[in-house]
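The same chain A turns up in both complexes below, where it pairs with chain B and then with chain C.
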Partner chain A sequence: MEIIVAIKQVPDVALNIKVKDGAVVEEGLSYVISSWDETALEAALQITEDVGGEVTLLTIGPDKAAESLRKGLAMGAHKAIHVKYDDAKKTDSFAYAKILQKVLEGREYDLILTGKQSQDTDAGLTAPMLAEFLDLPQVTNIIRYSDVSAQNITLYRQGDNATEVLEMQLPGIVTVNDSLNEPRLASMRGIMMAKKKPLEEVDLDALGVSAEMRGAQGSMTEVLQFEKPESRKEGKIFEGDEADTVKQAMELLVSEKKFLA
Partner chain B sequence: MSKILIVAEVKNSEIKKNTLELISFAKSKGLEMDAVLCGSGVFGQADVLAGQGASTVYLGDDSSLEIYNTEQYTSLVTDALQQSGATQVWLSSSELGRDLTPRVAARQGVGALSDVTQFEVNGDEITAQRPCMSTKVIQKCQFSKDGLRVISIRSGFFAPEETTPVPAKTVSLSIPEGHKQLKVKEVQAEVSDEVELNEASIIVSAGRGVGGPEGCDFVKPLATELGAAFGASRAVCDAGWLPHKHQVGQTGTMVTPDFYFALGISGAIQHLAGMSGSKVIVAVNKDPDAPIFKVADYGIVGDLFKAVPVLREEVAKIKT
Partner chain C sequence: MTQRMWKNHDLKKSYDIVIIGGGAHGLATAYYLAKLGITNVAVLEQKFLGYGGSGRNTAILRSNYRTEEGIKFYDQSLVFYEDLAGELDFNLMFSQQGHFTLGHSTAALSGLVTRAENNKALGVDSYVIDPQEIKKMLPEIDITDHPRFPIQGALYHPPGGIIRHDAVVWAYARAADRKGIEIHQLTEVQDIIVENGKTTGVKTNRGDVSCNTVISVVAGWSSEVCKKVNVKLPFVTHPLQALVTQSYKPWLHHVVVSGTLHIYLSQTDRGELVCGNGIDTYPHYGMSSTLGFLESYAAHVLELFPCLHNVAVQRQWAGLCDMTPDYSPIISPIDEIEGFYVNGGWGTYGFKAAPASGFNTAEMVATGKTPEMIEPFRYNRFAENRLVGEKAAASVGS
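Take a look at the complex of A and B:
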């Protein structure tokens, strides 16, 4: 089974994110593999451990995105493709999906795995768009899989009020929910071995990605500005006997906030 | 002329609240709109959509559409779009909408704005706000090229108006094929009268403080009596006390209900990421220093096992 895992290097959102003059402050950001993409990678590793095959990482990003590829290789991926790209700031999911399409056309794969959304945009658009551009079936937000063979995989998608169980004939695109697994940590040995694993660098011009496909030109949407969410006003704290405090709080909830009105 | 096509969603043979919100909002802005309604045995709901203000309802009604699937739904929306001449498609950012939105947009060769929490419409100019980076930042964004607008909107941004159904003008769509590489094997439906997190205006969530599965059972009636969705922290889902679909937070469902009750939840940053956009937050926690109190509008320091019965009594009183 040949699996491609599309990973995006993103700021670590567990850290404090500052905004100044409508933009996210670069200083102090630390970059990681988007957490859902790590889940996708873990799934890919488990699948190939079970049925054989190779895992290829694919990222579109600046020079420093190579660190994330090395980390994924250390976790156990077999090889990596780095599409060198410096226009990240103005690039939306549509443009990424178009570039991913260019990279993937003419390559061999059975399965493309991605996160259900990336941690910086929280958009969840790239993978289904890519699926459409490559004319592949998609199953999003999976919480489980079973019965993997060279031709098929059974996927459990968390829908709105049911788990939908689908059998997908490969090749196809699947996006993962984080409850699928707990990504492994890279071992020392893995880190050593990663240095020797193939990391292919791809140039946009060589790929035929024209200027019109890049950055703002290739994107269909744009961010005008970033803002911090309004910080919440200080609330009222009630201490004492629950029989009294709950009553007081509920009365205010009704009078001040029109609860159940 | 701009015109909107609303992708309607149905649950238990009723139009979902998030769909009503979209139509009601469009109507309040005086916008012209059609709707597309897909499912099995759903034609009767077209009148509800018409009552809310949809001019034409495009119907894809077939037993093969009972369970959502990307390919058929994408084709149906595309067909409705062509027939209606709409310049915008609005979906809700349910799991259905999350799957369908990008596919519909890509088929039309355009981009999309997803999981929008607020937006303004001026002709086909849309300025939207959407949380990102785990709700630590809000993006203000817009479409930068001409062409069809495709957006998905989180529920809870607008209070739908109560209306009565009127006979709808309907157009039946021909039923497309599903994707030949995909086959639905089964649907593992859980108790389906539960309100979904994605469309709830009230959410009652349980944290590790409930102590175990019995604690979840202790809290749940409050949710039921409020007509609320039942949420949980990751600690509760990871422990297996509740299925993962209940998880609220950075890696669970991001929610913005009118009222959020956090019971025995500490308020870890990843949990706050998923619920701090709620309009009103009520927290019960026995630890006065629990971080949840930093975001709570009403913070009750106390034992949830004592507080929940009082909450239920008070709710019963308000309701009568």
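Take a look at the complex of A and C:
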């Protein structure tokens, strides 16, 4: 089973992300693999450990994106493809899907796995668009899989009242929910071995991605600006014994907040 | 209702002393000032207590330094640490498990022998042992000639060990608070007011405060604070990265350091391995973690302990180290500005020094005289060419 795992390098959302003049302040950011994509990588590793085959990581991004590929290789992926690209800010899902189509045409694979969305934009559009462009079947947001064979895979999607069970022909595209698994941590040996695994760099010109397909020109939407969500208002801590603090809280709810009025 | 560890206060218009920095050193200074009866003191912390180096270290304590000045000072600190849990009534989980500094070359061994002799002369328990003796205490270590840098011996320091770093911060904070010191978190000192060569107050994001004494105890941010009063001291800030692994059955019962490989590791009571590396090679204030650090650490630690190949890395972090040219701190009044004191330049030695640093700084400020113990760490030693060279005692040079 040859599996391609498409990953995106995103700012670490565990850190405080600052917005200034309508743009994200890049200074002080640290970058990680989008967490849903890590789930996809873990699924790919488990499938190949089960039925054999190789996992190839694929990302589009600037030089620093190579670090995320190395981290994925340290987790156990076999090789990686780095499509060098610096114009991320003006690029939307449509343009990314088009570039991915170019990268994947002519390559051999049975399954493409990726996160149901990326942690930075939460759009969740790239994989479905790519499936359309490559004319492949797609199943999104899976919580489980079973019965993996060379021709088919059974996939489970969680609905409000029931689980949807689908059988998909391969090759196809699957996006994953983070409840699918707990991604493994890289081991010391994995970190060492990652340095020696093949990392192929792909140049957009050599790939035949024209200027019209890149950045703002290749995108159908444009991000005008970022706005920071309003921060939560200061809380209030009541001091005293239980009866006293309950009384104070009730007074606040009734008199100031008009909660029970 | 559970009693809170320390209280919040409105910021007063005036204090006798303002301490900038709510880490282990700043809080220890406040605590020892209070013990001397000086309590009209505010500790101003721009983030939260222990945000800086106090929360970003590898919690190793030792006193096997190289110079007489360094050995005496760090040993005073270690002796303080031995009794600190009792004094502050807080379990600090100090484990005096013994500390190895490995030597991988004749030159390194000769340096370790010098340290051992200096340590012994000053009553610090520390001696050089051969690879077979190392193997007895660290059965998993590779003492063969297979690694690139085979182990030739080690400086063994029985009283060294590890402590719970957050607990030290919290314990000092609680004790200082109980003695009447005011702790102010999220209070950033934006400027220090100096009039006619005298310190008269600070400007903060919560308003101006007047005081006639300001002590800068901000480690990695020392240059930035000194800049506010146009004092240029030879601090250069480099980040230092560290990592923690998943928890494993206890197997490593001592702290292991290699100056040649620039790594050190210990195992916590919870079973994680806490691992540190050399400082980043160029100065900056970024505290992000890099893959380069992981790769370098993995390569080096596997030379010492090949059995760790399957150990999984849980988390990485970085802290700031305010390096000085001689790897010794600056604890000093600044002669040009009356009432302005600097406690910084801890480099990678800060956490182990917190009690002695706080104790002596408090005495220096309270009495107006620099105690003999920290006299060697005055800032003018650089101009007077009397350096206290401790780089040879570092495991982490760049």
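Assume the second predicted complex is superposed on the first by the 228 of 261 C-alpha atoms of A that agree within 3 Å, B and C clash if a C-alpha of one lies under 4 Å from a C-alpha of the other, contacts with A are read in each partner's own complex, and residues count from 1 in each chain.
FYI, a contact is a pair of C-beta atoms (placed from the backbone, for glycine too) under 8 Å apart; a residue touches a chain by one contact, two chains touch by 3 or more.
All of these numbers come straight from a predicted model, not from anything done at the bench.
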- Query: According to the contact criterion defined above, which of chain B and chain C contacts more residues of chain A?
  - Reply: B
- Message: By the touch definition at the top of the document, which applies to A:Val19: first (chain B), second (chain C), both, or neither?
- Response: first
- Where does A:Ala211 make contact in the superposed view: on chain B (first), on chain C (second), on both, or on neither? neither
- For A:Glu242, decide between first (touching chain B), second (touching chain C), both and neither. both
- Kindly classify A:Ala150 by the partners it touches after superposition: chain B alone (first), chain C alone (second), both, or neither? neither
- Message: With both complexes superposed on chain A, which partner does A:Pro128 reach: first (chain B), second (chain C), both or neither?
- Response: first
- Message: Applying the document's definition of touch, where does A:Asp160 land relative to chain B and chain C: first, second, both, or neither?
- Response: first
- Message: Looking at A:Gln225 after the superposition, I want to know if it touches chain B, chain C, both of them or none. Which is it: first, second, both, neither?
- Response: first
- Query: Do any residues of chain A touch both chain B and chain C, and if so, which are they?
  - Reply: 239-242, 245
- Provide the residue numbers of chain B that touch chain A in the complex, in ascending order. 9, 11, 67-68, 70-71, 74, 94-96, 98-99, 101-103, 105-107, 110-115, 127, 130-145, 147, 179-190, 192, 194, 196, 198, 226, 237, 244-245, 247, 250-251, 254, 259, 269-270, 273, 276-277, 279-282, 284, 288, 293-303, 306-307, 310-311, 314-315, 318-319
- Sort out for me which residues of chain A touch chain C in the complex. 28-30, 67, 70-71, 74, 184-189, 191-192, 194-195, 239-242, 245
- Message: With touch defined as at the start, can you tell me which chain A residues reach chain B in the complex?
- Response: 11, 13-14, 16-17, 19, 24, 35-36, 92-94, 97, 116, 119-129, 131-133, 136-141, 143, 154, 156-170, 172, 177-179, 216, 219-229, 232-233, 235-243, 245-247, 249-250, 252-254, 257, 259-260
- Mind listing the chain C positions that touch chain A in their complex? 1, 246, 286-291, 294-295, 298-299, 301-302, 308-314
